[in-house]
Amino acid sequence: MDQKGVSLMEPVLRARKLVKRYGRVVAMDRADLELFPGEILAVIGDNGAGKSTLIKALSGAVIPDEGEILLDGKPVQFTSPIDARGAGIETVYQTLAMSPALSITDNMFMGRELRKPGFRGKWLRQLDRKKMEEVARDKLNELGLLTIQNINQAVETLSGGQRQGVAVARAAAFGSKVVIMDEPTAALGVKESRRVLELIKEVRSRGMPIVLISHNMPHVFEVADRIHIHRLGQRACVIKPSDFSMSDAVAIMTGAMDPPEGIAA
Amino acid sequence: MTSDTKTANGPADYESALTSGPQAVAAFDDHRHGWGQKIQHTLHQTPSLVPLIVLVLSVIVFGLLLGTKFFSPFALTLILQQVQIVGIVAAAQSVVILTAGIDLSVGAIMVLSSVVMGQFTFRYGLPAELAIGAGLICGTLCGYLNGFLVAFVKLPPFIVTLGMWQIVLATNFLYSANETIRSQDIAEHAPLLQFFGSKVNVGGAIFTYGVIFMVVLVLVLAYALRQTAWGRHVYAVGDDPEAAKLSGVQVKKVLISVYMLSGLICAFAGWAMIGRIGSVSPTTGQLANIESITAVVIGGISLFGGRGSVLGTLFGALIVGVFTLGLRLLGADAQWTYLLIGLLIIAAVAVDQWIRKVSV
Amino acid sequence: ADMSACLITKTDTNPFFVKMKEGATAKAEELGIELKSFAGKVDGDHETQVAAIETCIADGAKGILLTASDTSSIVPAVKQARDKGILVIALDTPLSPVDAADATFATDNFKAGELIGQWAAATLGDQAADAKIAMLDLAISQPTVGVLRDQGFLQGFGIELGDPNKWGDETDPRVVGHDVTQGNEEGGRRAMENLLAQDPMINVVYTINEPAAAGAYEALKGIGRENDVLIVSVDGGCPGVQNVKDGVIGATSQQYPLLMASKGIEAIKAWADTGEKPEPTPGKDFFDTGVALVTDKPVDGVESIDTAEGTDLCWG
Amino acid sequence: MTSDTKTANGPADYESALTSGPQAVAAFDDHRHGWGQKIQHTLHQTPSLVPLIVLVLSVIVFGLLLGTKFFSPFALTLILQQVQIVGIVAAAQSVVILTAGIDLSVGAIMVLSSVVMGQFTFRYGLPAELAIGAGLICGTLCGYLNGFLVAFVKLPPFIVTLGMWQIVLATNFLYSANETIRSQDIAEHAPLLQFFGSKVNVGGAIFTYGVIFMVVLVLVLAYALRQTAWGRHVYAVGDDPEAAKLSGVQVKKVLISVYMLSGLICAFAGWAMIGRIGSVSPTTGQLANIESITAVVIGGISLFGGRGSVLGTLFGALIVGVFTLGLRLLGADAQWTYLLIGLLIIAAVAVDQWIRKVSV
Amino acid sequence: MDQKGVSLMEPVLRARKLVKRYGRVVAMDRADLELFPGEILAVIGDNGAGKSTLIKALSGAVIPDEGEILLDGKPVQFTSPIDARGAGIETVYQTLAMSPALSITDNMFMGRELRKPGFRGKWLRQLDRKKMEEVARDKLNELGLLTIQNINQAVETLSGGQRQGVAVARAAAFGSKVVIMDEPTAALGVKESRRVLELIKEVRSRGMPIVLISHNMPHVFEVADRIHIHRLGQRACVIKPSDFSMSDAVAIMTGAMDPPEGIAA
């Protein structure tokens, strides 16, 4: 799909003129974002450009001071991450958002636990641990995180890379509308990063759109359909990786080059 | 590396080896096996075993020192009876501490609830059932206030419950006019208030309903914390509230529910207290907060939240009970007992820490 | 000793109970009884007392001496002990009802308060009509002893009581206010200061015990009024009597914890040997161990002893 | 991108733009300026200002309600005198809490030290100077024990000091045999023990040395915490002990020093206590732990460590003092005052929280 | 210098057969390491291979169960990070090791604060804040972290990237013998990463050897003199980037290829 084609479609998720201030710091300064069906939208930008704040606003973790968010064209107001999840938006946060002392299974199903069927689930509200463990193991296997020997291991006993893998698996498993990932490969090794990238592509092939924040240009140019360049708290422009080189993207991102006419936000 | 790439491209060339390599990542072999390891592993998996071991050891030691005086059915059921109130309150305290909170107002809520039960029956002439209901509601409401201030106003639990402690206690004195309702009157007009004091024969041993209630309560809580979503959320909130929120836990709701539950359990403790001492006295429960926290900590629950088991708390309370009775039967006088209990607290936690360390 | 007995006091930090324990221990040794002592942790802590009674039962004690923190709450536990054939004697404070214990060796705390009230009123003479009175009580939980002493004082001074079972409901303007001291010097000083800030012209101070009185005196000294204020107290401990002698306290009602304790131990011994229970003082429903007003400034109409005699009788 | 690279090479091609771009990274402009912002910023920079504001406001409110009764030199110096002991102990408590610890044994250490001072003078006939020295050493030693257990045995401070509280208090009662040493005897034989009670005229106002000591102590601590390496290390340990250790702080040494300092200050508080109540009494100081923690928290120091200022603690203690006296003067009786102080604690922290929030 | 030349020199820092167990996990399994004067030694390996544990042992943060560490050929025993720092080894930890509530200056000088000259420093032990702030600002400027407006800002108010920058600046400024960096660019943007790489080269040009852990192959091949490949808790081999391709390195790292004969550890 070309730039034209995309703009004719209705965005799945759209942010308009979001503003978020932290005291004297303006982390988002009328930031926009559009995510179209079935695409991988990469978001790049300097450290502190406000990328995480933007996607936190989209996932309900931060309530913007101004601006609006539209899901399938309808305005939504997320007051908590639960709202966003309820609407089908799953997020891998930069901080991972795991409870260290709980098991991998517990963490994966946090807030959407499965109950046993029948009396025990309905009245005794008993969890279906076996089922949850099964699903969790499947999801991790898909990601190739075979080395986790014990699905009931506490998350705090995993290495940083393994933790990130669990967080990614969780989002990929439960997202029904949009998956957002904030630097999902930052702590990962070469092999593990590759697996996550493959997973991202696979999620897209299931038709689900993805927002991917990354500082890794080769990764971004490899998987992204469009690249949203964030600068100074707002969108500088959106480019297609086929039309621009990495150098251009980096130049725009750092301000060395003005965003190309016509496609600037 | 000089050509400028304009097209989206595949994996970098150096990644080609990835497909051919073994797919297992660094998995280390466990070189050490055997008995010791297994024990360590079990201890690590079941943290409440540590206080259980301490408990059994202390029972054995006092049994050897005191003989039948200690190993009599009377003395052993006595420990249970002496521990029941602290045990119930400590169960409430456990749940709060699991969320990385603390509830200093447990004793005050307990006594206010029992006073409400008593005064509603005797001052206003309500049927005992209604009065007890009012007492339970009163405790839950106090808990709700704590929870509201902690969850919504985001004040530190220590300070909220410190303030509530004073407020509830003063309310208790003002409302009760410092009057005790006598046991004889209660037995005559509203025996239901003393329900938890009734005795029952379970397989030869005599228990009060209060003791049974304590055990059942702990088991139910252990089930709820371990087997339900709510329980998992309690742990998650205590572990890292920010992460819990981001991963879809309704942190505020969980906190409110925990403090309300704590209030409700304390109200039950107030009812059990009437059963235990017979009368309704506004001066009871002054040490319940310190004693319950002691039981919780000896039971191995971390004051930083998220780690430990409510079963441990029960053992913790029993350990203190065993030591207190044992030392008193050995003839230590009150101040020496306090001194030794102080040492016990430190020693119990040190042993716990040590076992955890060798069994990482 | 094959015979054991228990002493259960309200706390074991208040010198009054410490001396009671010493008296009981000495007597028990003399009579060949093994004595175990127990105490609540703070005033009003009666759960610990219930547990103590149970422990004594488990221990197979012959008799229990008890100063109850909550005179009616303790009754079921006492009944349990008596049902096991243990002689229970209430010391210092009668149980409610009095006959819940086998015998009671106590002081009349109301009377103790009344004596110092009468003395203070008589000492002031005509000025009593517009006295300014500070009431330094024990704790906000209003334990019985504190209420009895407080209300006794007010009655003796000639002030109309509201409900005699609680303090703080008097309407007489001469009462500047009540504050609580926890029965120690620190609390005494703080409470006195608070009331002085309310009315610096206070000239009569009632205190729950002598440590509180000593604290109140420090507060008065702090503003240079230590010589024109009348302090009265209850207890009759040796430092207290010494303070009466030194003029810190005007008068104190002396009680006899050692006497109570030794009488109690004797009664247990007698009961174990012969099965006899002690008789109450004629005309009262308990054995009154007596109370005496100790002052070096006696007044007409109020019987008193001087500090020399008080020092002979004092308990620690 | 198909050539396999065998040589160490320079930056990837896409990075070429880096040298030409502007070198400043995302720096946002502050759109809002002015008065309000400045106040907010100042509040944020100086956290102890918040309790100061609450203090000033409460003085003003009570002044308006009570007039000269409250604004008299008597009432105002009275507050200082009533606050001095809690103020000194709270200063010790602050330093401990800054390391994310807590010291429940402050009151017990204080009273044991004062008893040691008294008994060494009167029981053993030592000169007062030596006895005082012994008392100070005794307090420091108790603190050392706390510190050792926290830093080396790695037990939670709550539990260590809970145990020490009982141990030290029981020791105190056993050692002193519950005997009070009378004010008159001390004044006669060892007036040095009452040193902190002596009065001094500072610019027309009458202060005791105890009050002056409290203020000087807080200032010295504020200096040490802010201006010396030790102080920075205290904050770092409270903030994140693991990070502090990795970045070169001798965490154990710092912890030990903090608990020893706390013990020493408590011993000074014990000395000051003799000055205040004239006598040496083993039953004082029972509420010192709760009262000092209250002052610390109202003063804005986080119970989680690493944040807050010891100046705030002084204001916190004064706030409680002002409210207590103010309420009494307004005619609230003891029970109501107790209730209202409970409300105050919650309200003060809520206001603090609120000011911090609007001034992020 | 070639492989031969290197082996003839005395290593600055050398680890021999280090072992570290965490309960059932063996994080280091007889791991070796040699660092020669003036070189950049990159350490690469899968997530959980034990890289961080190895460098923690070198910097005193972890006490190995077995094995020995030699500094300039002499055995040393570090019982705490302070020991290692005293010996001139500075480390950037993966977790950064900063006190969030303290200022940038405080963090940079933590444990080696400067005191005022004369009486105030010696007797009142007063810190020389002005001097420390000056030095801190200089060091950050060198790294190009110009955007930090206020050197007394609390570290918690910095973005993840800025924090990492401060940690790197701290190590670079104070290392006198060896600088160790555990994934110093993981959270950094393109521009910031570049600056850190330049800084690493500059530190080397001052003659100081550096251990650099990174998952970023292009970075590693760009700056490293030698590459230590870690696998399953031990050194698989050491290669020179000029002799091997990235593919080979990745292949060895993941076990797809056996370490070349002769240079295997």
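Residue numbering begins at 1 within each chain, and the chains themselves are lettered A, B, C, D and E in the order written.
Convention: contacts are C-beta pairs under 8 Å (C-beta built on N, C-alpha and C of every residue); 3 or more make two chains touch, one makes a residue touch a chain.
Quantities reported herein were computed from a predicted structural model and do not represent experimental measurements.
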Shared interface partners, meaning chains that touch chain A and chain D:
B, E
Among the other chains, which touch chain B and chain E together?
A, D
Most remote chain, CA-based centroid, reference being chain E:
C
Just grab the chain with the largest centre-to-centre distance to chain A, centres being mean Cα coordinates.
C
Whole-angstrom distance, CA centroid of chain A to CA centroid of chain E, is 31
Between chain B and chain D, what's the gap in Å when you average each chain's C-alpha atoms?
30
If you average the CA atoms of chain C and of chain D, how far apart do the two points sit, in angstrom?
37
Using mean C-alpha positions as chain centres, tell me how far chain A is from chain C in Å, no decimals.
73
For chain A, give me the residues that contact two or more of the other chains.
25, 45-49, 147, 190-192, 217-218, 245-247, 250, 254
Two-or-more-chain contact residues of chain C, please, as numbers and ranges.
12, 42, 140
Where chain B touches two or more other chains, by residue:
4-5, 9, 12-15, 18, 21, 25-27, 170, 173, 335, 338
Can you work out from the touch definition every pair of chains that touches here?
A-B, A-D, A-E, B-C, B-D, B-E, C-D, D-E
Chain E touches which residues of chain B in the complex?
12-18, 20-22, 25-32, 37, 40-41, 44, 359-360
In their shared complex, at which residues does chain C touch chain D?
12-15, 18, 42, 137, 140, 168, 177-180, 182-186, 188-190, 193-195, 197-198, 200, 211, 214-215, 217-218, 221-223, 239, 242-243, 246, 248, 316
Provide the residue numbers of chain E that touch chain D in the complex, in ascending order.
61, 80-82, 85, 91, 93, 95-102, 106-107, 110-113, 115, 124-127, 144, 146-147, 149, 170, 190-192, 194, 197, 218, 221-224, 241-247
Chain A residues within the chain E interface of the complex:
25, 45-49, 94, 147, 157, 159-162, 183, 186-193, 215-218, 250, 253-254
Enumerate the contact residues on chain E facing chain B in the complex.
22-27, 29, 45-50, 217-218, 231-233, 245-251, 254-257
